[in-house]
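In what comes next, chain A is part of two complexes: it sits with chain B in the first one and with chain C in the second one.
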Partner chain A sequence: MNASARANEWLTAVTWRRLLRDRPIVPLMGLLAILVLVIELADPGIVSPEWTGVIVRASVPLAILAGCQTLTMLTGGIDLSVAAIGSMAGFVTATLVHSPGGVAEGIIVALAAAALAGLLTGIGVGVFRVHPLIMTLGMSFVVLGLSNVWQLQMVQTGAGVPDSLRWIGSSTLAQVVPYNLLVFIPLTLLILLGLRRTGYGRLLYAIGDNPVAARLSGTRAWQVLIVLYVISAVMAAIAGLLISGLTNTASVSLVDTSLLPAVAAAVIGGTSILGGRGGFGGTIVGALILTVLTALLTVLGLPEPTRQVVFGSIIVVVAAAYTRVTSES
Partner chain B sequence: MTATATGLLLEATDVSKTYGAVVALKAASLAVRPGEVHALMGANGAGKSTLVKILTGAVHPDSGRIAVRGRERTVHSPGEARRGGLVSVYQEPSLIPDLDIRANLRLTDTPLEPFRHWLTQLGIENLDLSSMARRLPLATLRIVDLARALAIEPDVLMLDEMTAALPANLTQRVLEAVASHRGGDRSIIFISHRLIEIASVCDRATVLREGETVGVVDVTPGSEERIIELMLGQIAGEMPAVAGRTAAHRASVTTPRISVRGLASGTKLQDVSFELHPGEVLGVVALEGQGQDELFDILAGSQRPSSGELLVDGSAASFRHPADAIRAGLVYVAADRAEALLMQRSVRENIALPFTTRVRRWGLIDLRAERETVDAAVSRLQIDARAGNEVRRLSGGNQQKVTIARWVAGGVRTMLCFDPTRGIDIRTKQQIYLLLRDLAEAGAAVLLYTSELKEVQLVCDRAIVIFGGRVVEEISGTDADEATLLRAAYHLRSDAAMPEAVAAETVAAETVAAETVAPRASDAANGPGAEAAPPEQADPETSR
Partner chain C sequence: MSAVTAPVGAPPANPARTVMSWAQRSSWAIGLVGLLAILLVFTKIIQPSYGVAGIQGLGISILPLGFAAVAQAVVVIAGGIDLSIGSMMALTSVIAATLMDGQSAEFGLAVVAGVLVLGLVLGAINGALVVVTRVPDIVVTLAMSFVWAGFALLVRAAPGGAASPWLMNLVIGPFGNPWIPKAAIVLVIVVAVIWIPIARSRMGLSLYAVGSNQLAAFRSGVPIGRTKIVAYALTGLFAAVGGLALTASTSIGTPVPGPYTLESVAAVVLGGVSLAGGRGGVFGPVVAVMVLQIIQNDMTFLSFDPNFALVAQGVILIGVLILGSVLESRRARR
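What follows is the complex of A and B.
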């Protein structure tokens, strides 16, 4: 292929389709840039380093929750328990703030509880073959119920979001760089590396692409799935802690409003809900897009119902575009 | 080409199609006369399937003209092509797995009566139309695909490797159905890598090489050489021959790699016993549905036997999962590549998949070592991996090679191959025969089920014949000519006369290609071959 032929090819619609399918992150970045441009036009001067910091800070927990969806969706699953688990984590930590072990104890208990929930989900999905949608939905009710029980137990002791969580969840360096990146960047590197360079990552894609082929090649899917849902639950707990720090709130339904945006961010980011296709890079951009979109709709001063309609429509349009593109052979 | 534009049923001129950097077709032309069976030949990746997809509107060409009965046409979709009289049976089964057969037929407006008629003609009588497509074996799916196409009575019917997944008896029915179209006013475009089939049913052949039409040949006795030469761009004689087998140096001295005793499962597999030794290639020969699928599934760990014993290297083994079989060194080249491949993943990931399945291999991958191993396997099997970032974009034959490469890459102790050369072109087939022999020389044990009977004599040290779920005969590789194998496969005693049709076909085929063709199962069913009934009905007394 010489350079001019390449250049010509670049212009065809087919190439764009391919690009959108093989490297979804490039057109997504374009979409993100357009949204930023529009918001700047709608409210000149709004885009600034500080504004960017606010957007990033809000996107981080969403991106982590969307990461849970990405990982599970790669295997053809989904994790609807992230909201309940994330809320539970923030809530448990807040109630344990005056315990002898302090914040550390709270966080450890929260993460352990999350991991336990993930383990049970993983066993349900991997060993008993319950559909992930049902299993995680069921698990979210279980976790919510237990959180409520916990709430009644702990009603005596004082509770409050610990300062350290507030710091990492909401503070920024020089009014620009949010500290939650201290959690997010290592986590992201771990996920990207895990998906691209490890045997485990390969198996996630393999199971989602063709479970029969994965099995015939010697993959024991249950092992992979159990680990997967534990990872997803722990990530959900981390996101919950960050959200609790960001909003300085702890409640058993804190993360609920982020659940569907998290699924949407993963889908917009190019992860196929049918499994086998996608990645975390696109998901991060998807989360940024949704956050900017929310900001834009707020700036435009649209009434809440209209905002929801626009928000939903955009998700549907992007998802439909993917379906068209990826079904082309 | 040479034919005048008038009088042609279908004419495609200078068709081209590029996918990114991959040129699938560059200047393909094809002219089909009414009433002929026209072969479309070419090595793996030559562009045959792409051309068929373009003719039926499933893929849109970059350039080129298509004319039907002299009138130029643009075909936008397979549905439109169907209404215009062009129908294809594609290389991969095109039934929707989660619908039953009846619903699938409705999708293509297939009339039910003719469909049933053709199904019977093709040798599948008791198909339950309400069974889910995904539950049917591959061979049946192919026949259903074909019957569906025949029922529509298209002007031009295109068969893309229709016979590749079929055992001898069904292949014969298909060839009969194809031959019955000769001389009428409708035509067939026939794609197959088996020259014997081309010789027996085709009138002319168009040969593609690297996306270009390089010649049109009248199929006559002796034209095979010419076709191969055109296909490969080299003289046929230069193809590497399969090395002579070294004498059987095994048997009593070594512990058998696998020893199977009285294996049974369900109604299909009744009682199979054999031994497979290191250093040998053991052939398995059987007609459709004699229990060979179950046997391979059990050995590969996908299914558990209802009774019987399996010893691996002398000790009892029981597999609950394919991973157990793999750990014991038994790797399985599956019958259906759609079951074996991750279609959206790269060639590399597909080949490397077995490397990372065990928990202790879940960590970081040594990418460089992996690349070396994968590249070695890719070149050993001559996989054209230009479109290799997604396996589904490879040509059918190249996909098939990936399923073999996966196991060869990791080093083989025992390989279970179910029709491994399905859809692979003649040159690469030779390479695979060599590969299997090399593996055996290096001490591996290979169990090879093949529906292409001549492979047995080419690569196997000996062969077992399964009929009605039992091993009915063992034949040494040197004696395993097609006639003998067929006789055994139909469970005819060697002194019994072959059914007339078998004999007739044999003579006819020998004059064309010095090879034999499968017998007509329809006649066999009335003659002494009546034993070729499904195993459930087979009289257990007739089997040893």
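What follows is the complex of A and C.
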């Protein structure tokens, strides 16, 4: 092998590395395409517009929850309270169906309660510098406990998931386009534009990338963090409402099973848990990848336990690949 | 360690000073024990019939979480965190319960030994992955929590199996005096036998060094990777003991992880171990587990909705940390 060929090869490697580091969404789309291809090979004819609709419908709540993780991870935090807050939102709305204000009142109460929880979390993280992991963990205990208390209060009134939530959470246009995109697309645009084009978005990256430099250049981190955790809690509540509509259930532990996949989706999507690197676009693809992967493992006839094992292994491998690539700079 | 820090020519032993410095170093743990004592007195006041049965119940109910808290404490001291403790406990618990079912006592003993080794291996795998991939600890152990929980469900899909009778006798019931639960003795002895020799050895010093400042530890010649793997292996070992405790106290194995992972993080923080690493011990978290359990019992006695216990746990966790951060910033200002 002569020198120029070697240099050429080296250049390709560097380009790949750059691509993975700066535009992780491109290789992620490739991975997604491969997974779809594999599932089509495993069960010919399965991939159809209807199937795509089902996959997208299931990915939307997961992507929103993963969005909470993405935003908080950008600042070097994490939000473990999304499961408790999301479940609470769905549950509270269901119990308030027969209230005078109806569904609207239920949703407003749920979102307000979520925002309050997020505000308290933000104060803890921003003002008192409590570790986000612990702060959100403690908050999830508080929210879960209060939801249980609420459940005992409300057990007589009898309640169900309101029809409007069921419609937006589970119905599809022409069996293909899920209506939960009506919530998801505006939210996504808001987050993507917010992160790229607003000063607030840049502050999130700045705080996560180098907190000292951010402080020295005049950032009031505590204000940014309080707003951040309120946003995260409200997003968690929205996801919880969609999940309760999708599954037609309202329970205080409904969202629990989505917590770890949400963190996984954010990590697979290229957001660094150490802060300062990542974005929502990758996270959405990460959520799609996890959903397709779950579907693939089901098609392959793997039982749930095996699926969990494969799931966990893939997260480690993908995260390791990222770390390898990004640490070479 | 004290031999290094003592100035040359200082009086060889000053018991008062030794006690003072020990008290200063463990002020958090002493405060917790004081809180525990106050809570016990308080419990006796609000529930005059609280006595032998209550203490025995307390002993058995804290056992699994106690070991989980110790497991978490070891790895947090070394600057990591392990979110797969609950899954490792579930896996070791179902394996133990499945293998022991209907077997002789001798075989049960072999199973216990095997499960402990398995715990070491599971933990070492976690640690090796953290070291080799250089992925943040939270992500690796979170992913591995899926893996271990999946294996647990593969071992058995539903709760079942049985514990050897001697294993149950080991933890259930009083030890001599009816006031002393066997479970508490087992907890203290197991933790002491495993942890104290390690903490006093060179390895213990390395664990604290890596946890408090990895770069400084590296430059002082501490093998970072090996130390981290040992920390995770010890965490796996204690998680396996916790899994055995689950099997022994419930007499079956349950494949679905309990709330132990997150509660162990809470107990570790309340027990005075800094999440930043390098500070704290393993007995603080054990006392914290007792405190949390008594608070839960007290709320039942006061006929609060038991769900408020969960709220209280969250509020205490947050409150203690806020208090800690306020105290810290005051000290820094001085």
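Just so it is clear, the second predicted complex is superposed on the first by the 318 of 329 C-alpha atoms of A that agree within 3 Å, B and C clash if a C-alpha of one lies under 4 Å from a C-alpha of the other, contacts with A are read in each partner's own complex, and residues count from 1 in each chain.
What we mean here is this: contacts are C-beta pairs under 8 Å (C-beta built on N, C-alpha and C of every residue); 3 or more make two chains touch, one makes a residue touch a chain.
Remember, it's a predicted structure, so these values are computed and weren't measured experimentally.
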So, after the overlay on chain A, do chain B and chain C clash or fit? They clash
Query: Taking the superposition as given, does A:Leu216 touch the first partner, chain B, the second, chain C, both, or neither?
result: first
Point to revise | First (chain B), second (chain C), both or neither touched by A:Arg202 | key: first
* Asked: Looking at the overlay, does A:Arg277 come into contact with chain B only (first), chain C only (second), both, or neither?
  -> first
Of chain B and chain C, the partner touching more residues of chain A is C
Look at A:Thr306 in the shared chain and tell me whether it touches chain B only, chain C only, both, or neither; answer first, second, both or neither. second
If we overlay the two complexes on their shared chain A, which of chain B and chain C does A:Ala319 touch? Say first, second, both or neither. second
Touching partner for A:Arg129 - first (chain B), second (chain C), both, neither
second
Note: overlapping chain A surface for chain B and chain C spans none
Per the touch rule, the chain A residues reaching chain C in their complex are 78, 80, 124, 128-131, 133-135, 137-142, 144-146, 148-149, 152, 260, 263-264, 267, 273-274, 303-313, 315-316, 319-320, 322-324, 327
Note: in the complex, chain C contacts chain A through residues 81, 129, 132-136, 138-140, 142-147, 149-154, 157, 262, 265-266, 269, 275, 305, 307-315, 317-318, 321-322, 325-326
As the complex stands, chain B meets chain A at residues 20-21, 59, 300, 302, 321-323, 326-327, 332, 334, 339-345, 349, 352-359, 361-365, 367, 389, 392-393, 406
Listed in rising order, the residues of chain A that touch chain B in the complex are 1, 9, 15, 18, 22, 193, 197-200, 202-203, 205-206, 209-210, 212-220, 223, 276-277, 329
